[in-house]
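Sharing a structure, written as structure tokens. Questions coming.
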Amino acid sequence: MMLDGLYQEIILDHYKNPHGRGLRDPYDGEAHHVNPTCGDEITVRVSHDLNEISYDGVGCSISQASASVLHELLQGRDAAAASEIHHAFVELMQSRGQVEADEEILGDGIAFAGVAKFPARVKCALLPWMAFKDAAARAGVEVGVSPEVKA
Amino acid sequence: MSFDVERVRKDFPIFEREVNGHPLVYLDSANTSQKPVQVLDVMRAHQERYNGNVSRSVHTLGTESTEAYEGARARIATFIGAASPDEVVFTKNSTEAINLVAHSLGQMLRLGPGDEVVISEMEHHSNLVPWQLLCERTGATLRWFGITDDGRLDEADLDSLVNERTKIVSLVHMSNVLGTINDVSRIAARARSFGALVMLDCSQSVPHLPIDVATLGADLIAFTGHKMLGPTGIGVLWGRLDLLAQMPPFLAGGSMIETVTMGGTTFAAPPARFEAGTPPITEAIGLGAAVDYLTGLGMEAIHQHEQDITRYALDALTSVPGVRIFGPATVEGRGGTVSFDVDGVHPHDVGQILDALGVEVRVGHHCARPVCSRFSVPAMTRASFYLYTTTAEIDALARGLDQVRKVFG
Amino acid sequence: MSFDVERVRKDFPIFEREVNGHPLVYLDSANTSQKPVQVLDVMRAHQERYNGNVSRSVHTLGTESTEAYEGARARIATFIGAASPDEVVFTKNSTEAINLVAHSLGQMLRLGPGDEVVISEMEHHSNLVPWQLLCERTGATLRWFGITDDGRLDEADLDSLVNERTKIVSLVHMSNVLGTINDVSRIAARARSFGALVMLDCSQSVPHLPIDVATLGADLIAFTGHKMLGPTGIGVLWGRLDLLAQMPPFLAGGSMIETVTMGGTTFAAPPARFEAGTPPITEAIGLGAAVDYLTGLGMEAIHQHEQDITRYALDALTSVPGVRIFGPATVEGRGGTVSFDVDGVHPHDVGQILDALGVEVRVGHHCARPVCSRFSVPAMTRASFYLYTTTAEIDALARGLDQVRKVFG
Amino acid sequence: MMLDGLYQEIILDHYKNPHGRGLRDPYDGEAHHVNPTCGDEITVRVSHDLNEISYDGVGCSISQASASVLHELLQGRDAAAASEIHHAFVELMQSRGQVEADEEILGDGIAFAGVAKFPARVKCALLPWMAFKDAAARAGVEVGVSPEVKA
């Protein structure tokens, strides 16, 4: 697969200058996810009102930038808004490039549209989002009905 | 007949060859089937163009291989009516699938003295010996259904055989010797009422009958690629996803792990949990192509063709003097596998003389020695049919048996 | 150079293809190798002309298949210097071979608390997790050799690691991450002095080095077909015949039995005892053809070519700024597998950019997560070579790494 | 493989009218052998002086005729003679048709020359001879150094 669209400037920026990185206290729910094929790991912490979302992890530019974008998009939103964004991001990633990304909803997240064409990298982009979903559930916040994704 | 067997045969290169100066008459498909060019071409193309290891690479070859491998899984899932591709575990053959279940369930259920595992006298050794060994390892007791004189599962003892001690019932769906297709609904219902798990050995049924696991009544089934137009080296375990998710791994190694340290390991979700090491990649892709081929013809049409051939064969064999057929005498509840005895001639000799005429049948105990013992013979001769079998081939078999009687007359 | 790599490459159809508009540069042979047309042709011919099940038929197809299958066994036995073809057991891959040994030896030795199994931190998960599970099942203790900073087996603790409690020592012969070729003679000698059995995981060595089991110092070795020009779905366990003869079966089913009644079963002699069910017949025959191909070129010549390529690659990589190589820095005692880190760039990103240039390397933990932990990285990038690798391909890799540094500069 | 040479008249005669069939007492060594692929079985009993060789079994024409010929050839011979014959028969069977059978030594056994060309049937012909060798060993008679044959 050619690189067109994979390493967007936005993604590289988020990778080099991540937003909100580092685990912080207090929190109400935490989840640790691993991508067993490549060893990427992420821990996400969430407060019950989503006013605090913190994370830390090791991984490739895609998974790390995705975590940074997640932080930017979801922190401080209410459950309904977070759920809508979460749903839109997961849908975009599973679209194989067939879905038009909505910048209104996804903000910098639209830069990941190109990732959807790289099946091996979709997992990277989704890793923080799946960990967030679990952490949120543990904090008592149900984030949408996004289809389950295989690690 | 709407089923065009002559057109089907053109897809199988092997039918161009002769055996001992005669056209090949291949009546041993229950042992292993022949392979159409469509399957061979897909495998060859994969090996020449897309070969890479699966689930391990971000590179293009690896991604293409993974998509082909997982695509095959998805098509096989659809073929048997599975709820999700994740219910399809690739093994090397049916035998590995059954051993996997015997080991994993034994551990999951903490099988021990007082527990019972129920099979039947009709089992292939591959659905018999793994359970014997499981019972030896754990102290559980092995029990079994008998066979009636006309070759059907004897359910007379159902109430005592399946009881509150029963943990696993594992039965052959279609007998590789008698051809019997077992309706296991009563047994499965009773097993379920005691919370026992039900496995079916579908090695002979999935290749020949439309199978829908959603309605079959089993928790787990096993089948094998080489008997259904696919290559050797590939088999399938299907299981309900919620059950597979509870089962501990069997073979351990690369690709079935979540995370590994020297001190301990956690495991991936199914199906990966049960696919340790590099899987039979090209073989799975070949089985996917085989399933496409079968689906193209339609399993209902294939089954109908085999019923016609079997009816013809039962007639033909019945009219050869000295031939005794084991198993159901009519096509009702039976598939296209017919075992028989030629009075006074050992099956080895029957098979040898038939082979001299290009007619390939199997002789011996067919990896189901207890079935032979049940009918008090050391061995049997077996003719087994598939979508490419013709009535002319049955005629050749009948003529061959006349020859057998001449030599040993 | 007497080794004509350009002529060799013509035998591999896949090198005609492009990846992302660039000629394919395949540097992932430690993951799986490409296959020459000679191997593919033998398999295709078998499937089109001789396909029958083995060891079960007196008919011509079955006899021809059996001869081809057993012929492959004999040639593989010769290839590794086995005393007899009966020492060669066909499995589906290395992973199954190692699991077979872990289960069978565990039972044979009645492993229990107080007993010790010794491996190393350098193991592939396939030679690690089966022993973890064996120790969990039996209560035995797992111990391991560490890795030195330059990527060699750390024998400092030999005297305490291998002792009178040691029952099994199982080590990787050539590391699939570091490329290290382990000289295990001291360890094996000490293990033997305590009566412990020694297994070597030769998945990476048999494809690349001349191996002679008569002098290797191991009781058992495992290797896998797809890494040595053969197909997927086939692996080999070699064992000393007197040892195999004592080992109980692992997988149970058809073809591994002597006689079966419902009440109990006796087992065939090796290798049949360990080959339950229909084996990967075509795949074994394909591996036989692969061994013929390798023998034709000569393992010594192949190894020499790979040493040359590796020397060239170590030089080339060392001169790329920011690249750190894991494992031995020179070709002494190492094979053609080189893992490295590009400062500040995650291996996934390295691999992705290289793939865009047609250069196929593997990234991740390479099914050897403890090796990554040992060197404090979550993942590595790995380039691995084979008889078809050229210096031009190494140049393409080096150019690709420059590109990587540009994107992430 | 064509049938030429497999079903010789001599073999069919021995099959239909076997010599010395039936287990008899007393004996000094007994062995039971099975051919796992086809289910053929044979039991052979031997006295220490080889003056009594008795057998019973089930199997194909080749294995049964072979037992009859064995009885005819070996009963009453001394250990050296039995060993020579045994060796010659095994060698013939493993020759794939490349060895000339010696009628002086093998008598009716030469009819099995054709069997050697059928790999799947060699085991049948050898079954009684391998069982005899084991039974003789148990009776204290070592019959030659014939190469071991796989069942």
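The first chain written gets the first letter, and so on, giving A, B, C and D; residue counts start at 1 in each chain.
We take it that contacts are C-beta pairs under 8 Å (C-beta built on N, C-alpha and C of every residue); 3 or more make two chains touch, one makes a residue touch a chain.
This one's a predicted model, so the numbers in the text were calculated from it and none came from an experiment.
Asks: Farthest chain from subunit C, comparing Cα centres?
Replies: D
Asks: Matching A-C on over half of contact pairs, by residue number: which of B-D, C-D or A-B?
Replies: When the contact pairs of A-C are compared with those in B-D, C-D or A-B, B-D matches.
Asks: Averaged over CA atoms, how far is the centre of subunit A from the centre of subunit B? Could you give it in whole Å?
Replies: 45
Asks: Between subunit B and subunit C, what is the separation of their C-alpha centroids in Å?
Replies: 31
Asks: Measuring centre to centre with CA averages, how many angstrom lie between subunit A and subunit D?
Replies: Measuring from centre to centre gives 76 Å for this pair.
Asks: Counting only residues that touch at least two other chains, what does the list for subunit C look like?
Replies: Residues 20, 56-58, 60, 62, 257, 259, 348, 352, 355, 363-364, 369 of subunit C each touch two or more of the other chains.
Asks: Which residues belonging to subunit A are in contact with no fewer than two other chains?
Replies: 1, 37-38, 118, 121
Asks: Which residues of subunit D touch subunit B in their complex?
Replies: Per the touch definition, subunit D meets subunit B at residues 1-3, 6-7, 12, 37-41, 58-62, 64, 118, 121, 124.
Asks: Please give the residue numbers of subunit C that touch subunit A in the complex, ascending.
Replies: 20-21, 346-349, 352-353, 355-356, 363-365, 369, 372, 378-379, 407-408
Asks: Taking the touch rule as given, give the residues of subunit C at its contact with subunit D in the complex, in rising order.
Replies: So the residues of subunit C touching subunit D come out as 55-58, 60, 62-63, 66-67, 86, 257-259, 268-269, 272.
Asks: If you look only at subunit D, which of its residues touch subunit C in the complex?
Replies: Within the complex, subunit D contacts subunit C at residues 1, 34, 36-38, 118-121, 150-151.
Asks: Provide the residue numbers of subunit C that touch subunit B in the complex, in ascending order.
Replies: 13-14, 17, 19-20, 24, 26, 28, 31-32, 34-35, 40, 44, 47-49, 51-53, 56-62, 92-96, 98-99, 121, 124-130, 132-133, 142, 144, 224, 226, 231-235, 249, 251-257, 259-262, 264-265, 276-283, 348, 351-352, 354-355, 360-364, 367, 369-370, 373
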